[in-house]
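Next, two complexes with subunit A in common: one pairs it with subunit B, the other with subunit C.
Right after this comes the complex of A and B.
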């Protein structure tokens, strides 16, 4: 193991480590803690210049207020409306594509695979004008499905890479055996491969959920106004309205961050398995 | 008879499975790339005439020639370079944190996930947090500098500092990402090699450099890729924290492109597309190396 386990170190070093760990964490999360604290500060504290001291009271009312003053609930729902279909859509498409690329040998297999891989890395701006124009032409501008359809297509690239590598690592004999038995190809996919894909589906679900929930660029390009805008774009709009009302901005920020954070804590193992794909060989 | 049907089924099946993904990907990713490249040779305001005809005018390399003399473009390009170089700090810092956290004391799992926290949060929220952090007169950073030097610095209002301030905000989640990659890597370092090196008297930096880092190469490789992509995709933070200001000094290519095509300067779609093509070309320089390496791995098997 590297570094040497701290338990083998002399006592002073162990003590030092025990102190350094929480201190480092506190410093690391400082911006977050500051905002969390501000979100619970009464507006009067800010007016009196009490930015860092103890809040004079815990103002849960800030959270009530943002719900009352702004369409933040609507923004959150809009986000959910875009995120959930995207997760389902991109995983369904990539399961099939990954299966095709992992199981069959055909001449252009690798070329198709690398098309998906390379598509992942393009800057969004090279897609922006045509995608926006097309979405407008099809009458899907400023709708949740206009946004979700793009996200599904784009996320499919990354998901296919993941699924294909996952299926490749499955024992191929299972498929061979089924073929000898004369099982149809789509049945092999449905009854043999799919049930084994649970960990991959879980990992990608949390990842795609987080990516899409946090997306800001496409939200600004393809939607406008509180009826369809997701929380990221909404928060940015509210930030423009709530000038210097940091207690409200903070409360909104914490609220926007909450769903992916919860998702991460509930599905931590899957999340990290997805992110670190390829980090070990 | 039956077997030939099975064989042809096996030839058709992959394309049926691929079709939905391939169609979506072609419509929303491949075709737009080609279309953007074409548009970059046109002058177009994004509109169609009454008959639904495209109103763009072919200008050849005109957009690119204009870019070459556009000071805002030069600023954006320089800032992108700063992003690229400084973002690489995420690697050593992430590695250092990973080594720091790679212990088995009680509660370490919770520590690791809390350190990873910034990556899960939206960049919009990260941008707001750092804006608050830097805010003049009361922001923590401002107050800290004021306390040390006697004069506060309004980072986001200073053309010479603003880009560095935003990059620092971007590094926060990026370091968290690299940290998790290295933690996973360290978990898979071969213990027998470490022990053997220890018996040979290697420790500290020498151990890290000669024994550990070579084994972390896959993690480093992925970390470089995601960091380069992160640096070149920097749009959210610039948009939230400064909108490219003050005086356009914090623009990056991704943001400048958006400004030109959809911002208040009017709908210069062709010009925007030309900026996007430049950004795409820069990205491809880095990405082709990655693709090449993956391609070799795949064809070796």
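Right after this comes the complex of A and C.
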């Protein structure tokens, strides 16, 4: 059988594994662990130059401190306010569009699909000026719904590509059989296709959630000030204020990282399936 | 009369069936046509106008492009992009492939290892940038620690060095994405027909040859998608530079994405900013469009 389990490999190969594995793991985990450790370090450690060693005490108070000293709770809430509507909106839209593109054959099908896919790869910079201009004119600048609206518009391309490919991979006979029985198209969608789409919806929700939660570019273009800024932009602003206070910066970073990281580790199978399906197919 | 009232009812239902695909497609299509393609056209238009702080509609022809190509700042950004993108793509692909092959050896901890390599993708660079900035800073990071541990002459100040700063961006970017490339290759490896490999093994092929002559050539589609996705990510890179160096020291890590932002909003040269965005779009399109065209053609024969 190929590939063989590593336990059957020659001794040097096994040794290499035994050494390389922990080293690689440490390398990959280091940034997160470093930040986590620093977030629990008392300020006095940093003042004494103890950046890498063990903290002299565990300072949970850093977390209390950032809530007291900064509007971080507000930033997190703003992020949630933008992220949740975006996930719902882009998934609802792309389910419908993906269904239409996957199930019906019409002359412009491929062109429309191409528009969705290509729209995915557009550098945001080229949309920046008109988007900002329009939000200003519509009075949507610096609002959560302005940000969410544009996120939905830009995520739809990726989501549609994803949904369309997923529906394409479903057994088409199922739909044909239902049609022969005279089931209406919307019932086919609702009762046959939708239940089968659950894994795709889960994967896409996780992906879109992390994309939007982590978005920094649109947050800086479309919002300012703690009333609407999401956590990424807020954290960046706090970074400027807390120049040498690495313990606070780190605690803020951990809080910002928590939702997507939890989402990722809890739903990692969906996340990986989503990334690779979106990319390879 | 009775027939006449039934007929429209039937028509209504069949007509609904006919328009249904268009109906469910139209909201998303409208969004993307307006917000993506419409706005692209508008930016292209702005790149031919003398817009400064606010969009203006006075046509100036190619003047912005001439200004753009005359700016040393823009040439720096392009040169940085060339260094960054080529190293980033090559190193990410190499590490991704290596990790994928290592993880594919039926090792016990795969379920634990895979997410660890992939998790940086789930994090914002605004978060992980904190860690990298701190690690790379000579005063408190690696350099300082090595010196505290007794290696007095150790120096690692790339992030403060005009010539080396761009490589720190490469390191952090590789760390972030190579797990993703690994996942793509892993999916590719799992898709290879085991029979071929078994046959080759029975014929006495060594493991090295097996990979070089069979596995890696079979991974061609994964290489191609990795290349396309990585080049697109490289051209778009923005958060990374902002979080790590802010474009500095000086302009040493300026990329087209940060150039565009600063010319448009900080320096109030919207026309020049727009023309730089158009060049970025054309670069991506030159890579993407042939790829997508070939992909879609092939799939829908």
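The criterion applied here is as follows: the second predicted complex is superposed on the first by the 265 of 281 C-alpha atoms of A that agree within 3 Å, B and C clash if a C-alpha of one lies under 4 Å from a C-alpha of the other, contacts with A are read in each partner's own complex, and residues count from 1 in each chain.
To be clear about the criterion, a contact is a pair of C-beta atoms (placed from the backbone, for glycine too) under 8 Å apart; a residue touches a chain by one contact, two chains touch by 3 or more.
Because the structure is predicted, anything quoted here is derived from the model rather than measured.
Please determine, from the superposition on subunit A, whether subunit B and subunit C clash or fit.
Clash: subunit B and subunit C overlap once superposed on subunit A.
Who does A:210 touch here: subunit B (first), subunit C (second), both, or neither?
both
Let me test your reading of the model: by the given contact rule, A:235 touches which partner, first (subunit B), second (subunit C), both or neither?
In the superposed model, A:235 contacts both subunit B and subunit C.
Please indicate which partner A:182 is in contact with in the superposed arrangement: first for subunit B, second for subunit C, both, or neither.
Touch partner of A:182: subunit B, not subunit C.
Under the stated touch criterion, which partner chain does A:18 make contact with: subunit B (first), subunit C (second), both, or neither?
A:18 contacts subunit B only, not subunit C.
Which of the two partners, first being subunit B and second being subunit C, lies in contact with A:99: first, second, both, or neither?
In the superposition, A:99 contacts both subunit B and subunit C.
Can you pull the subunit A residues that subunit B and subunit C both touch?
1-6, 17, 20-21, 24-25, 28-32, 34-35, 38, 49, 51-52, 93-94, 96-97, 99-101, 103-104, 106, 110, 112-119, 121-131, 133, 150, 152-154, 156-157, 160, 184-186, 210, 213-214, 216-217, 232, 235-236, 239, 246, 249-250, 253, 256-257, 260-261, 263-265, 268, 272, 275-276, 279-280
In the complex, go through subunit C and note every residue touching subunit A.
Contact set of subunit C toward subunit A: 17, 20-22, 24-25, 27-29, 31-40, 42-43, 46, 55, 99, 102, 104-107, 109, 113-128, 130-132, 134-135, 140-141, 144-145, 148, 175, 179-180, 183-184, 186-188, 194, 197-198, 201, 210, 221-222, 225, 229, 232, 235-236, 238-239, 242-243, 256-257, 260-261, 264, 270, 273-274, 276-278, 280-281, 284, 288-289, 292-293, 296, 300.
Would you mind writing out the residues of subunit A in touch with subunit C in their complex?
1-6, 9, 17, 20-21, 24-25, 27-32, 34-35, 38, 49, 51-52, 93-94, 96-97, 99-101, 103-104, 106, 110, 112-119, 121-131, 133, 150, 152-154, 156-157, 160, 184-186, 210, 213-217, 232, 235-236, 239, 246, 249-250, 253, 256-257, 260-261, 263-265, 268, 271-272, 275-276, 279-280
In the complex of these two chains, what residues of subunit A are touching subunit B?
Per the touch definition, subunit A meets subunit B at residues 1-7, 17-18, 20-21, 24-25, 28-32, 34-35, 38, 49, 51-52, 92-94, 96-97, 99-101, 103-104, 106, 109-110, 112-119, 121-134, 149-150, 152-154, 156-157, 160, 179, 182, 184-186, 189, 210, 213-214, 216-217, 220-221, 232, 235-236, 239, 246, 249-250, 253, 256-257, 260-261, 263-265, 268, 272, 275-276, 278-281.
Over in the complex, which subunit B residues touch subunit A? Could you list them?
By the definition above, subunit B touches subunit A via 6, 9-11, 13-15, 17-18, 20-22, 24-25, 27-33, 35-36, 39, 46, 99-100, 102-105, 111, 113-118, 120-126, 128-130, 132-133, 135, 138, 140, 143, 172, 177, 180-181, 184-189, 191, 194, 203, 207-208, 211-212, 218-219, 222-223, 229, 232-233, 235-236, 239-240, 253-254, 257-258, 261-262, 269, 272-273, 275-277, 279-280, 283, 287, 290-291, 294-295, 298-299.
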